[in-house]
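So that we are looking at the same thing, I have put the structure below in structure tokens.
Chain lettering (A, B, C, D, E and F) follows the sequence in which the chains are written, and residue indices restart at 1 in each chain.
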């Protein structure tokens, strides 16, 4: 029963999300023996204004 | 001090969210003895493109 | 595909967790029409030293 | 490697988010000795319809 | 700046976690063009008593 | 109603957690006008074996 939550700064195409989900689900099956149907993955695309690194929002100049 | 985070694929009506929040808060009061005012609940409606099961996005054909 | 994450301050008995999981899964089936088998729930029991309200850890005197 | 996730009911201005990120990153450096560049912070502004306290959505009358 | 949080029911060996982290970081670099050093991954191993599916704790008979 | 979840690699003393909670709650009151009593903060101390950066667990040699 893996649950994987992925937060990325910026956006991903549907294509990228489909491929990432496929690969991570495969990784968890091969390495951790988790049946594919058990794995839930959610994506959360976070705007630069809502993500800070080193104390600065990512959309700062 | 319960904090409950609910992620659902797709959307819920305001009506559904109101009823779910009421019932879960009641459950936590009856079973876990948590005063109602202590319970925070957040809803996060996730688009099919952002939720994968078994390695496939939910909006796949 | 609901995923529900429950954080509580302190501990719950196995009995309480079983009953809470049963009721919340039932709530999501009745109100949101989510098949029971789709619902994942995780519990996270947080020590008082790791939960603050109003700027004070819950295990403060 | 701190990761801080901030959920607020309602919205914040970009100005408020920039200042909050700056202060929290500074707090973690001064108190916990975490280098500023290690700290990731994400903001999630939650609509009143998606946040319940005491069993009531925040946008209830 | 991806942040990936992985919850699994049960435990993983250090070996499995190392391999999973390596593969997911690689996936995010290849597919989403995220530099490896940007990716944070956390693992959370959840006891069967703290994970429910279909309204039943995973350690139920 | 802010909810702040803090994950750190390694451990913090109770003293550090108390001070961090106090400062963050104060920041949210001053900058975002959130009454102190509304702010919940949880700490989660993550072992090096459960946190990866750049594809490597933090407890790697």
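Here is the rule we go by: contacts are C-beta pairs under 8 Å (C-beta built on N, C-alpha and C of every residue); 3 or more make two chains touch, one makes a residue touch a chain.
Per UniProt, the chains are A, B, C, D, E, F = 4-oxalocrotonate tautomerase.
Just so it is clear, the structure is predicted and the values come from calculations on it, not from any experiment.
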| item | value |
| --- | --- |
| Chain pair equivalent in interface to E-F, over half of contacts matched, among D-F, B-D or B-C | B-D |
| Selected pair, greater C-beta contact count between D-F and A-D | D-F |
| Distance between chain centroids, defined by C-alpha means - chain A (4-oxalocrotonate tautomerase), chain C (4-oxalocrotonate tautomerase) (Å) | 24 |
| Chain A (4-oxalocrotonate tautomerase) and chain E (4-oxalocrotonate tautomerase): spacing of chain centres that average the CA atoms, whole Å | 11 |
| Chain C (4-oxalocrotonate tautomerase) and chain E (4-oxalocrotonate tautomerase), separation of their C-alpha mean positions in angstrom | 20 |
| Residues of chain D (4-oxalocrotonate tautomerase) engaged with two or more neighbouring chains | 1, 3, 7, 24, 40, 42, 51, 53 |
| Interface residues, chain E (4-oxalocrotonate tautomerase) side, partner chain D (4-oxalocrotonate tautomerase) - complex | 1, 3, 40, 42 |
| Chain E (4-oxalocrotonate tautomerase)-facing residues of chain C (4-oxalocrotonate tautomerase), complex | 14, 17-18, 21-22, 24-26, 36-37, 39-45 |
| Touching residues on chain B (4-oxalocrotonate tautomerase), where the partner in the complex is chain A (4-oxalocrotonate tautomerase) | 7, 46, 49-57, 60 |
| Chain D (4-oxalocrotonate tautomerase) - residues contacting chain F (4-oxalocrotonate tautomerase), complex | 1-9, 12, 16, 19-20, 23-24, 27-28, 31-32, 34, 51, 53, 58 |
